[in-house]
Every structure is written in structure tokens, then in C-alpha cells.
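Worksheet: the structure to be examined is printed underneath.
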Amino acid sequence: MEADKTFQLVGAGYKDTVVPVERKQHWWTGRPICSMVILGIIILACVGCRFFMTHDPTYMDLASYNLAPNGEFWFGTDTMGRDIFSMILYGGRISLFIGILATVLSTFIAVVYGSISGIAPGWLDEGMMRFTEILLSIPSILIIIFVQALIGKDNILVIAFVIGITSWMSISKIVRTEVRQIRESEYVIASRCMGGGFWHILRVHLLPNFVSSIMFMVVMNVRGAIVAESTLSFLGIGLPIEVISWGSMLSLAEKALMTNSWWMILIPGLFLVITLMCITNIGNYIRKNVNQRQSNM
Amino acid sequence: MKISYRRRILIFLLSVFCLSVLVFAMSRLAPGDPLVSYYGDRAERMSPEEKDRAMERLGLNESMVVQYVKWVKNAVSGDFGMSFKYKQDVMKVIEGRLVNTLILGGVGFILTFLLALLLGILCAFHENSWLDRIICKVGTITSCIPEFWLSLVLILIFSVNLRLLPGSGAYALGQSSSISSRLTHLILPMVVVVMSHLWYYAYMIRNKLLEEIRQDYVLLAKAKGMSRRRIMYQHCVRNIMPAFISIMAISLPHIVEGTYIVEMVFSYPGIGTLSFESAKYHDYNMLMVLCLITGIVVIFGNITGQAISEAIDPRMKEPEIMEVAADGSR
Amino acid sequence: MMENKDILVDVQGLTHQFPMGKKKSIKAVHHVSFQIRRDEIFSLVGESGSGKSTVARCLMNIYEPTEGTIRYDGINLCDKKEREQHKTRLQRERQIIFQDSASALNQRMKTKDIVAEPLRIQHIFSEKEELDQYVRQQLEMVGLEENYLNRRPSELSGGQRQRIAIARAFGMKPRLLVADEPIASLDVSIQAQVIKLFQHLQEEHDCAILFIAHDLSMVRYLSDRVGVMCKGHLVEMGETEKIFQNPLHSYTKSLLSAIPVPDPALEKKRSSVTYDAASIWNTGIMVEAEEGHWVMQEEADHENLI
Amino acid sequence: MNKQYALEINNLSVSFFTADGETEAVRDVSLSLRQGEVLALVGESGCGKSVFCKAIMGLLSKDARIKSGEILKDDRDIRTLSEREMQLLRGSGISMIFQDPLTSLNPTMTIGRQIAEAVKLHNRELNRQQIKAKVLELLELVGIPDAESRYDSYPYHFSGGMRQRCVMAIALAADPQILIADEPTTALDVTIQAEILNLLKEIQKKRNMSILFVTHDLGVVAKIADRVAVMYAGKIVEYGMAEEIFYDARHPYTWGLLSALPYYARAKGELQAIPGFPPHLTPPPKGDAFAVRNPYAMEIDYEEMPPFFPVSETHFAATWLLDEHAPEVVSPFREISKRRCGA
């Protein structure tokens, strides 16, 4: 009798046969948690520097200059007698600010320029892209030096501005390619057939799709801007020594080399490198999320 | 799309023209008295009449266009004006330093790409193995270190503390012709130039290769019995060569930039140090020429690189069969 | 020819060229004329590169034809002014479904937003609840349950995505549906599902469908009339069964003989007819071989054919 | 080991290990390829047929692993071969051609060189002229006219059909006994498909090769196959001689596949679609994977995987309907196929 029951015709969809699985994955797998935490701490410490600083970063304590790290001055003091620990927090704020401001500016220019080029007719598009290529072919440090020499002032806003207007080219190329590609994709064609206007397509299709592809570039641009600021300030054509940033702190390095004061070079530099690495890791994570086909080798 | 050589030359000339206009316009818009850049301190001692006459003689009272034409005319005959800082003909100052920069930048460039190719192949071949992972991690770290700081650290270690290698200049005092002195002075700057760009390009090459080994033809090559090594070298590496050359071309400005920064940190007497100094002292005549020379070298390298890359890529030689394209759907 | 008021789409002498560089251009479609009745399924078949998709896109005004006229319910689609005048009507009544559902749906949108997109653009519903209700209803109609509402296209299979595209198109209650190879990338069992869905929805909505395909066996099952295209020319056109049972043009013959039949005994006996498509570049004229069955005849062999 | 088998696969299981867990792409498949026959493996996309082929060739990607089973060729288990031995076997023992001729050739190498490479790998003693002669011979064999002048052409000079012929030339370069063809005509137009299939059949007869032909198109199967195996959700559900599968199918999935063809629909009047979608195999469903879509499913189908029941000496089907306890179910398909067969 048992056999009869099990061999009864019951038809399709009689029972659900899907075997439930427990996803062993945690939400953090694959995410650059470590980088995010470190970067978060650095940003928090820099933004809220007044709560953490042990000394006034601008105060030149002539009695205790060029001291190696000790109990009172955790990271030592520089040749002008300023506390390096406080300076790192205080200066980090400015470095990060310049990085972000410059990126906002360059991204804005890039998106506008790239979108126009992407939508423009062939000849204009070609001309605009040639222009970016010419700009790209000049080493940006030279452009920055040139622009900087022209403006002749050196405050935070000017530096951010100079870095911003010299680093939009590669993003704009990507924006342009994306816009071209999306514009010719079938879902945009379909949307146009339904009567979707320019603004509808821009809002619903274009923007959400190209934002993800330029995110990586934007993050890397923050990194680039921070490097540019510190390099410029180090060379003495960026921020003056009185305005504290990670770059301008390092501009005392030459004196430090003479006295072999390693802390003045290594400590601020390490902070800079760690910050840059965290940003790079986060950027790589954003990029990696695209498809991962398996190798044929 | 294949671009003809005539078109390439045209693009080159056009780019150089744009560049020269840009550079010229900027230098004329720059703050400061242009007379100063011609006569230096003497300009300050001139009376107003003298100044007027000097302006006239130099053509500074004419329109920008006329000035530009004159400047180009002089430039073609090799006269770029005087350097304010060095009180010398601009070209004279540059000449001596150009060689230094070419040695540092040129050798650095070739070394960077040789190593990048090797590293890229190594990583792609052992994709996701511990070797690949370690190289990737170390590479990412090195690519995050700014050139100037790496230079400082190396100087701190090798010349200040260990006293093994010199940390500044291109040669020891009075030994400008000694090759060994030049070589020891080159080591640290070269290490920085190569190190700071190596991973960026090695990673690019690695990714290109990873893309390549995901192509279907690799499966077919394997199916016909080829070994992995042979597929890698005879198919994949060969196929990325055009891309490799064009990466090299595009990278030129970055390497040049890196070289300049390194020069400044090591006070290596080259174009980079010179342009940095002339910017600092508002020596626009000099800066203009330096920008122009750098720009021309980079644009030239860029265009030749693209030309070579297209010449060795058979896919570029003839248009594809248009059969599929005739139907608008694909 | 056909009665005038039955005709929804009237294509006359349609030619489309793609510019290739400065001087060259490629003729993708060459003097194609056909009509679609208000309630029929008309299929265009042909191999890749035959220009069938280009015709479809011209009909949707995605491409501007180089020559010829297309009339939709009396509206001249090649005339920009006239098109502008009837803009809303055209946008509502003509819908298109593409071959590759993965690229025809925005990967970043949810199913419900994809289906609602045309309805929102055209402001069909003023109340949000009504819209939601309607979208639900449409998805149910194509056989997708409620738990699909919030999924994104990348989480779905090809067949499910194509259903979403169909729901989106039929949600507008179109009078003309252009389906550009909607089943080409689907599996056999899913193809049958989708074809049945098309059949069912066409009957329900009473609309005309222009069905583009290269799979002739499905076309034979689904469509009322068929046009055969080769290298941009329409070489034969007529009622489906007539064409399949009595093909006149030698290209049609070779095409039909090349379809493998799922019947081993029969298939192993069959031999295929070859046809050199190179000769098609000559112009020919359409001749009515019998009522409603048109065939292109090259001027040279006018006599041999009939 | 039976001498008439060119290739014997026993209880092969292949799994993919991804972040989502283990995907059992091929589940306990046993299949034998006889000497000189064309065996068609039919199934829908994602049923594991391509993975099965790659497993035989040792071409699986790194995230896939053969969990169990053996692949016997000439009394040796291929799985135990070293990489070096495997390279010698690929091309000369077993060759493979792939679905997309547009991407399976290296775009920057001439056709001649790519074929010559394959010749050289397995005939090291040949000199340049001999290799070139062999390449030209191969090009003629696969029906490329004017071989001499095509030798230095690049793949982009060719149309899809021509490229697939070149791929075939590469696969045949070292006279393999077995050819695995993974959907070789799917990307081609019907007229080209017919040409390629005829060519394949012709070469197979000439060289007495065994072909494992993978496809989803039952029309193509009818044209080329001697024997047919139907695959669903990683398992073979039915196999037998081509006539047995087409005229006397026993598995409800085979019925479903055949009824979904418009060719049969016209005879019966309505297209029968299989409801629902193929299951995910991460992990595979309980019982018979087809049960939820099967109108003839029985309770036991939802609980237990059916074994193979013999229908004839050559025909086997894995369905509980063939169990002696099962109720009599008449194939909805039998009538039409009979009528068709008679006609």
C-alpha cells in the first residue's frame, strides 16, 4: 500500500523542492573594513583635532626645538619647536580638505565637460577630446607650477583650485565614454521610444549608471590631490611653512636631514602614506565589483 | 580606425602650436614687469623714457598677436630670450642640463617598463597565488608612497645614516667627467623614479594580461595541446604588445613629472630643478621654454607611441568585414 | 492590394543607409515595401545582416530612413512635423521589445520601476496606488509573481527578463508592437513559453505585431504573414503557410531547406538547396505570383519564374 | 573495458565553488562514446553540458573541481594523467571546438600560423614545408577554397562560417580520434549551419571519428546524431538511439522539449511549453530536479532521485514512471510522432 501512495500522480508544483541554504558569507567579506576604520579614525582625529591635540601646533617653543619623541612630545618637535603630534592632526585637516575640495572641483568640471563631449556631434567631440589629450600630455606638475606662478598667492583655496583645475582630464574622458555608451544602449533607446525626454533619461538612466563607473576615479583623485598638495608644499611652491599641512611640515626635511632628525621625516610621511593606502584600498574595492569571469588558463 | 602619417604630423604640429600659444599667453599674463625679465635689475634703474624706448625696442607696446609672431620667429632661429636668473641666453642654460635629465628620465623610463612587463607577466601567470598576492600588496604600498617622501627616506637611510650613497647632485664636486661618480649619484634618484611608477604600470599590464587569458582563444589553444607557458608568451603577451606600447606612450608625462620631482629633491642639475627654480624666481622666459620643450617631447613620444602601437596591431590594418555591421542590430 | 482601413502600417520603398566614413555608406535596407494589418502578426525573417532589424528600427523612428515613406495609421512617420503633431499617440501606441533583454533593461532599476517607466512618462495614472496596482497586474499577466516586483534584472534569468520587457510593452496597450528577435537568446522550452505569451497577449489586446526572427519554425507557428529578407531586399512576402509550402524565390527555398527538422528519419533524407546571395545585389521588382503572395524577380529572368 | 568504446565516463561529478556556495554543475553522469559514432548531448543552457565537455578536456577553470568519477580513454583514466601527458592527449587524442568562432581564434595571428602551431605541437619531426603542406591540406579538408592565398589571412578577414571551418582545421590538425563539439553552430546562420553540419558529418565518416556533439537544438540533433543523451540540471535523464529518443521518448522532460517545438505543434495544434524555469544548482533541489515542472510527477519524484530504467538494450530513462508500481501514463507525444513517422 505504501508503494501506491508514493507512486501517485501529483503533477507539477506539488511541493517546493528547493533545499534552503545558509549563506556563510558575512556582510564584511571582501570589504576593505580595515582601511575604512583606519581612514575613519584619521579623519575623525583630524576634524576634531582640538580635542586631541596636546600642544598648540602653531606655538614655537624655542626652548624645546628638534626633540626626538618623548613623553611630553609624543612624536617629537620640529626645528621651530612645534609639537609634531599636534601638527599632524591639525595639518591633516588641511591636507584632507584640500584633497576633497580639489576633487569636488575637478569632478564637477569633468562631469560637465565629459557630458557635453559625450552628447556633442562628432567634430566637436573630437576637438574636445584632442584638447584634453594635449592637456594630459603636459606633466601636471608643470601646469601647476605655471598656474601657481601666475596666480602668485599661496593660500589653501588657491592651492585646491590649482590642483582641481589641473586634474579633471582623465575623469572627463571616462565620463564621455560612459555617456556615449549609455546613450547608445538599448534601454535608453527604449526609453526614448516611450517618449522619455532629455531630463528623464539623464535622471533615470544616465546619472545612476555613470556615477558608479567614475567613483573609482573620483576616489583616486582625492589621493592624487593630497599627493599633489604635499609635493607642492614640500617643494615650497604650495602652502607656506606657517600654514600647517602634511606637505609643509615635510618642507623642513632638508634641515632635518642635516641634523638626522628622522622623526620629522618619517612620522608625518607615514601618516600621509597610510592615509593614501586606505584611500587606494577603498578605490580598488569600488572598482573590483565589476564582473569577475574565470580565467581560461 | 587607422590614422595616416600625414594626419599624425598635422596633429603633432597643431598640438605644438596650441601649446606654444598657451605657454606664451600665460607668460604674458603673468604678474611682474616683463622688462625685468629682459633687463633684470637694470630695469628698475631705468627712467620712464628709457623704459618706453626699451618697450618699443622689445616690441612690448605692440599687440599680443604681433608679439607672439615675433617670439616664434626668434624661437625658430634659436633665440628664446634671456634668463633673468642666470643672466644668460636661455638655451645656453638648458643645454647642459638637458643631458642630465635625459639620462635619469630615459633610463628610468626604460627600466620601469622592462620591470613592469616582467612583473605583470609573473603576476598574471600565477594569478591569485600567494606570489601574485604578495606582489600586489607590496606593489600597492609602493604606489602609495609619494616620490618626494621616498626620496627623503632613502637619503635619510643611505646617505645620512649609512653614508653609502650620495644624496644630492649629479656628481661630486669637480668630478663632472668621472663616470663612477655620476653612476653613484644616479642610483638613488633612479630607484625612486622606477619604484614610484613601477607598480602602477605593472598592475595595468597584469590586468591587460588577465583580460587576455580570459579570451576564448586561450581555451582553443589549450585544447590543441599547448602548454600554459607557451600560450602566455606566444599568444597573450604578443597580443597585449600594442596596448603595452600605447601605455608607454601615455605614461610619458607621468614619468617626466616624476623625474622632475626627484630632481628637485636630490638637487640634481636637470630640467626639473631648473623649471622649479625659474617658477620660484618668476623667470618666465625660462619657464616658457622649459614647458615647451617638455610638452614637445611628450607630445612627440605620445604620437609616435600610438603610431607604433597601431602599426604592430594587425587588427588595425584593414577594416573588418562589414557583414555584421550592415544590420543595425549589432 | 489590401483594404485601406485594415492597414495599420504602410511601408513604401524604404531604404536606409549607414554612413561609413566620409564617402562610403552601406545600404542596409533596399527599397522595401510591405503593409501590416491592424490585427495580424507579420514576421520578417532573414539571416544576420539582412536588414530586418533596421526596418524595425526605422518603424520606431530610431533610425531616419534615407528614402521611402512609412505611414502609421495615416501618419507619415518620415515627416518630422507630422510626427511631432501626433507625438503622444505614437509614443503610446507603438512599443518595442529588443532581442537582448539584459541590455534593454536598465540594470539599476527594479522590476516594478521598469514596467512603470512608460506609464510614468506618459502620465497614465495620477494615483500612485493605481499605478502600483496596474504594474502588479501586468506582471501577473506575464506570469511573474509578486516577489519579482523588487528584483533587479541581473537577478533574473533571460526568460524572466524578456517577460518584464513584454509586460512593459503591453502595459501601454499598444496597437503596434515591434518585437526585434525577442526569442533569439532564449532556451527552447522558454522560447515556447514566450511565444505562447505573445499569442495570448496579441489576442487579448487585438494589436498588430511586427515580429523579427531568424528562427523560421517559430515564425511559421506564430505569424499570419511573412516577409523574407536577404541582404537588405525583401525577396518574398505572403501568407505564412503559402510561403512555407510553396516558396518561389530561390533564397527562400534555400533558407527553408536549411532549417533542420527534429525528425531523424526525415532529416537524414533531406538535402539542402544552396543559393548564392551575391546575385541579390542586382535590383529586382516585386511581382504578385498569386493573390497576396509577392516575390522579387530579378529583371533578367522575368520569364523563368512563373 | 569494452573495446567498442572510444571514451567511457563513469559517475562524473563536477562542482563549482563560489562565494555563494557549491554549485553542482554535473551530477553523477555516466556516458560512453562508441567508436565512430556521433553522440548528441542535448540540454538547455546551464544544464551542465559545457562543463561536462570541459571536464573531459581538462579545461575547467580554477573554481571548478571534479569531485568524483573517472574518464577512461584506452583503458586509462585521463584524470590521473600529468599536465604534460594531458597536453599530448589534447589535440591528438581528443579535440574540441567551441561555440563562438568569432572569439575562439586569436585575432592578431594569421590563420595559417594558428593551424601550423597545432600541427607542430603534435608532429615535431616535420619541417617548415611539410607543416605548411599539412596546413593547406587541412584548410582544403574543411572546405576553405583557395587555401594557399588564405594562409596569411587574419581571422577578421573571414565570416563566421569560415572562421568555424578554421577552428575545425585546428581541431583536426593532429588526427584526433574523438572530437568534442560544444554548440559549434549556435552562433551561425541556418544556411551556414547546414553547411558546417554536413562538413562535420562528412569528415567524421572519412576519418571514422567519434564526435560528442553538444547542442540545444533538437533539429540539429536529428540531422547529425546516431545516439542522443538528454541532460537536465546536471544529470542525464534519458539516452538512447536517435530514433528511440525522437519517436519513443520516456522521460517527461524529453516529452516537454519535443512538444515545445513548433514542428510538432503544428501537427497537434498547440505549442506545449514546459512551465516554470530550470532550477538553481546551488545546491540542487531535493528529489528529481524536474519534478516541480513535471505534470506527470509522482510523490516519489519529490523525495527521491530516480535510477535509470531500461526501455530497450540501448535506451534508458531516469524516471519513476517506468517503475512497476507507477500508474500507466501514455506519452502525450507518442501519437504525433507515430503519425509523423508514418507520413
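Which chain is which? They are A, B, C and D, in the order written, and residues in each are numbered from 1.
What we mean here is this: a contact is a pair of C-beta atoms (placed from the backbone, for glycine too) under 8 Å apart; a residue touches a chain by one contact, two chains touch by 3 or more.
All of these numbers come straight from a predicted model, not from anything done at the bench.
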Chain whose Cα centroid lies nearest the overall Cα centroid: A
Chain pair with more C-beta contacts, A-D versus C-D: C-D
Length of the line joining the C-alpha centres of chain C and chain D, rounded to whole Å: 32
Rounded Å distance between chain A and chain C, as computed from the means of their C-alpha atoms: 48
Computed distance of Cα centres, chain D from chain B, in Å: 54
Numbers and ranges of chain D residues touching at least 2 other chains: 59, 62, 275
Sites on chain A at which at least two other chains make contact: 294-296
Where chain B touches two or more other chains, by residue: 215-216, 219, 222, 323
In the complex with chain A, residue positions of chain B that touch it: 11, 15, 18-19, 23, 26, 29-31, 125, 127, 140-141, 143-149, 152-153, 155-156, 160-161, 167, 210, 213-216, 218-219, 222, 228, 231-232, 250, 252-254, 256-257, 260-261, 264, 275-276, 279-280, 282, 284, 287, 290-291, 294-295, 298-299, 302
Contacting residues of chain C [partner chain A, same complex]: 60-62, 87-88, 91-92, 94-96, 98, 100, 103-109, 117-118, 121-122, 172
Touch list for chain D against partner chain A, complex: 19-21, 59, 61-64, 275-276, 279-280, 282-287, 289, 291-300, 302-303, 320, 323, 325-327, 329
Chain D-touching residues of chain A, taken from the complex the two chains share: 3-19, 21, 23-25, 29-30, 294-296
Touching residues on chain C, where the partner in the complex is chain D: 47-48, 157, 159-160, 187-193, 195-196, 214, 216-218, 220-222, 254-255, 257-268, 272, 274-275
